[in-house]
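Two complexes come next, and they have one chain in common, chain A, joined by chain B in the first and chain C in the second.
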Partner chain A sequence: MGDRGRVLEALYAAVDDVNLLLPPRDRLAKAEATVLLGDAAHLDSLGFLNLVLAAETQVNARCAPPVNLAERLLELDEASLPATLGALATLIVELQGS
Partner chain B sequence: MAERDTIDERIYGPTDQDRFAALSGDRNPIHLDAVGARREMFGAVVVHGLHLLLRALDTLIGTRGGGRPVRLRGQFPHPAFLAVPVTTRLVERAGDGSSRLSVESGGQVCLHATIEWDDAPAPTAPSAAVSEPPAGPPAAPNECAADTLTGREGRVDLWLDARAAARDFPRLHAALGPARMAELLALTRLVGMECPGLRSIFSAFDVELAPDAPPARALRFAVERVIASASFLKLRVAGGGIGGVLDAFLRPPPHTQATYAEVRARVASREFAGQRALIVGGSRGLGEVTAKLVAAGGGHATVTYCAGRTDAERVAAEIAAAGGHCDVLHYDVAAADTAVPALARLRPTHVYYFASPKIFVKRGGPYDPSLYARFAAVYVDGLESLVAACRAAGLPHLRLFVPSSTVLDEPVRNLEEYAEAKAAAEARCALLARRGVVVTLRRLPRIATDQTLTLIRHAAGDALDILTPIVRGMNDGDG
Partner chain C sequence: MTDAWRVVLISDFNVASLGGLLENDDAPPRVEVTVAPFGDVGATLLDPAHPALAGGPDAAVVWTRPEGVIPSFGDVLAGRDTALARVERVLDDVDAFAARLVAFAARVPRVLVPTWVVPTHVRGLGTIDLRPGGVARTLLAMNHRLLQRLDDTAAIVTLDAQRWVATVGAAAHDARAWYMGKIPFAADVFREAARDCKAALAAGAGHSRKLIVVDLDDTLWGGLVGEVGWEALALGGHDPIGEAFADVQRTLQALRRRGILLAIASKNEEAVALEALQRHPEMILRPDDFAAWRIDWGDKAANVAAIARELNLGLDAVVFIDDSPAERARVREALPQVLVPEWPEQKLLRVAALQSLRCFDSVAVSAEDRARGDLYAAEHRRTEARTAVTSVEDWQRSLGLHVTVTPLRRPDLKRIVQLLNKTNQMNLRTRRTTETELAAWADGGGRRLWALRARDRFGDAGLVGVVSAERIDAEMRIADFVLSCRVFGREIERVMVHTVVEHARAEGTATVVAEYLPTPRNLPTLEFWRRSGFDEESTASPAGPATRVAFRWAAARPYPAPEFIAIEHAAD
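Moving on to the complex of A and B:
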């Protein structure tokens, strides 16, 4: 499994964590196309922050090198944030390489 | 064994809030001040998260026939509000003896927690005494700015009104004893009153409880991590028989609109001299800016309020202090007829209708008819009642501004009821126009107000930029 595959696996584990906090109709699918932000998203701002914190924990538990994901990500405004799980995985791989 | 048993159902009210605030010492106004809370991110008074947890523990001890919680892990992903049923479910009783709880309200999960238990017999030695609650008036919460959190540490005195604890949480108090109860209750006092205090959102906890540890005089805390961009902090706590970590966010303050001095710099001193404007919902947000524009342009503004009298008086005082004209009027959109005498006295030439309930509401299902009804009662019925009241006050010629929304052009998930009510308001405006009311209707984008407060940086238009041309257009009714 490549870096991106491991990151996606970690993100899906974070989705499992966050789905415990969501009602069934709002639960996130474990798919790259899952929308996280924007007009079609299920998460509110608190839910998105909880996902980012869970993602940081899961990614750093499974993948090296560790990334300060929450800090790096949340400096951005909403329009610049990754809007899908796949885009978030891409960003994390970039951060790991930088 | 997977289960999903409902173990408790209740509705929290103001008395519950007062009692828990007194017991815990967490008197953060988000839990107690209905008028102030309407300007906050959640838009209403929020039940203490720790209250949900302690209530669930107390119930669960009864359900399982005893035991002492020794480790508590969980999150508060969504607030619970007053007057909305709150259901506690036992989601799972795991093979290791731990319990997983979910507390839900309004279709949202408000607490998800895992509890580990010690089922050994309770210690027979009586617990040592815990300090009584402090005398004197309660202190106001600290307001820690995000840039002051790194490295912050301190202590919160431990105390307990043991009689009140035994009254409100009898099984939990009996199982834990007064020292552990005092330590648990201090967690919400730490977050809500001390660090980060006033602007806190208690988000998560992971604490262990040592049943036999002696009581301590204080709970020590240290900020372990701060993510300034997310307004997030992690606190490590220890004291007596409790230790662990807490997560919290700093919620944004209510949105501050342009000052009257800033507004005056945008308009000519007499350009709105012909407007005697009634601004419904003028105590804050778009109504506040409109009132300042009208007054800065030489017109006479009357701002109405339903709950926010202090806010309305603040707007009027700011305008009056700089020589402008602004009055304050109590006005309830659901009882417009009671305002007829005031309308007859004020004789407004222009009416701006900014009344609105909380817009961004998490709902329990795919579509909530009661939510639509709440919006329509204000946007449609309230508008009709206002026009009727103006007619009854002898004001046949009205120029009326009604804000609609761009969500009608670009649908937004979870705002379907809002959009539908705005569409109905537009249709009602067309009817009013046919009945001789000069109506100006604009679909406004997302604008920075209390309604659009969020924890993520979100682009939103500036109220002054957007409203200035609208108020100018209202001079001749073309908005």
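Moving on to the complex of A and C:
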């Protein structure tokens, strides 16, 4: 499994964590195409924050080097935020390589 | 009360994660959560018309940070002033906050209040933080004062948030979540909190488990007694495994003292197993500690069901503990209502597994709870006596049953509410209530409530029955008709009916009416009323297919009490 595969595995574990907090209709699918932000997203701002925190925790528990995902997202403008799980995985892989 | 409880969360921080966890928990009672705007604690507690309380919640969780609701504690955190006078001011603020909670609890039936914690990295005065004026010292005093001020309010249940934090450890407080979302705790703390909140709500709703059925070999002691003999069992002594099994027994004994019944389902020769229980010098639990047992080579699921029947308990009141995965799977499959916790393969970890079960939690522990195990032991002896007489009537006469009927009195309120909330099988209308609600109800015009105590030659069963009635026009309607399953079949039910009919006659009402509200578990109540002599009247409900069943008695006729029961009416 490559870096991206391990990151996705960690993200899906984070999705499991966050789904415990969400009503059934809003639960996230474990797929790269799952929308996180925008009109088509089921997550509100709290849900997105919970996913980011869970993702950072899961990624750093499973993959090296550790990433500072939450603070990196604070530096991005709204249009640059990852809008799907796949885009979030891409950002994490970039952070690991930087 | 609707199927789903309406629970409002009130906090000075973002507590929405707790709401999600509570709503996603399928175990009864189901809850629907409203989250009050965070930072609005004072207004939400004080304003009965606050939008978060619209419709009247069934319960509330008021979870706050100490610096969020006790402004003077912020000064202590900031190190502005550590003088003793500051601590006194902090405690005055705690008193004021507690008073708001008590007033709030008069309007909301159940209020859960977690204790205050600060992040573990907050070290205040460092190594001398437990001296007067330190943050840790002040926080201990604040929590102690809060508990004291809330102790006398039955509707308030205080929860130990420090335990949630300790369970999660160093990661309990998440600074990222605080700065980005005003969430002071990591998700795992909210999970612990949700489990305790749900256990407290379940206890208030009468969903606590009441009976533990345990296996013997390698569950209560180490080794197979039929193989090695009782002298060679691993139990107590200077041996890690033996000590662990002794601690399992001590934990079960402590649960028994809280009112949880113990029983045995074991594949063994009964005489061999009982000899071990009687003779092993380090056995903590003796035969008298068990309310029932089935020690044979039969199916364990059938034996667990038989024990529940013998003790007049529903299967959803039962927990089954066995070291064998196959036996656990069998009972789970055959009796899905029975709770069968996973049991650690490692014997040294089993005490912690037993102690961490939340299914026995209750909102109060009464004297009757503490004595329940002994009461069932007396019942065991009653049953043995029954085999020595020729008929049920002779047996009932031989008991020398004495029933005291007492009007509602303040000291009995806690036990009465507990009985109303816990009793499922002999319960006419299954009203779940709180002390505050019941006292207010009883103060209404035309209402009476009586508590019944029973004793016989084998022992004192305590307060076992509650019956209440409300006069509406020419009818005396029975509002509560609740009897502990421990005393079914002694005809105390007829004393309860007699009490209401005599009251109706004294009040000059024409008819006594008992309307039966069915639940999945109160069929024994319907069966009693069908034998009661009252006229049954069934009408289809206009709302749907359900049928309304009511029972009527013309109050011109007295309703006889069983002549073999001595009845004493205590004065108002």
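Convention: the second predicted complex is superposed on the first by the 98 of 98 C-alpha atoms of A that agree within 3 Å, B and C clash if a C-alpha of one lies under 4 Å from a C-alpha of the other, contacts with A are read in each partner's own complex, and residues count from 1 in each chain.
Everything below uses one rule, namely that a residue touches a chain if its C-beta (ideal position, glycine included) is under 8 Å from a C-beta of that chain, and two chains touch if they have at least 3 such contacts.
The shown structure was predicted, so the numbers you read here are calculated from the model rather than taken from an experiment.
Look at chain A after the overlay: chain B and chain C clash there.
After overlaying the two complexes on the shared chain, residue contacts for A:K30 are found with neither chain B nor chain C. Of the two partner chains placed around the shared chain by superposition, chain B is the only one that A:H42 touches, whereas chain C remains out of contact.
Chain A has more of its residues touched by B than by the other of chain B and chain C. Touch criterion met: A:L20 reaches chain B and chain C at once. Once the two complexes are overlaid on the shared chain, A:N50 sits against chain B and chain C alike. Contacts of A:L74 after superposition: both chain B and chain C are touched.
Across the options 23-31, 221-229 or 509-517, chain C meets chain B in a clash only at 23-31, per the superposition defined above. Touching of chain A by both chain B and chain C, each in its own complex, is seen for residues 20-23, 45-46, 49-50, 53, 70, 74. On chain A, the positions that touch chain B within their shared complex are 20-23, 25, 37, 39-42, 44-50, 52-53, 70-71, 74-79, 81. Only residues 75, 77-78, 104, 107-109, 112, 201, 203, 227, 229-230, 232, 247, 249, 360, 362, 364-366, 410-413, 454-459 of chain B touch chain A when the two sit together in their complex. The touching residues of chain C, counted against chain A in their complex, run 14, 16-17, 20-21, 23-24, 174, 176-177, 180-181, 183, 187, 190-191.
The part of chain A that touches chain C in the complex is made up of residues 17, 20-24, 45-46, 49-50, 53-54, 56, 70, 74.
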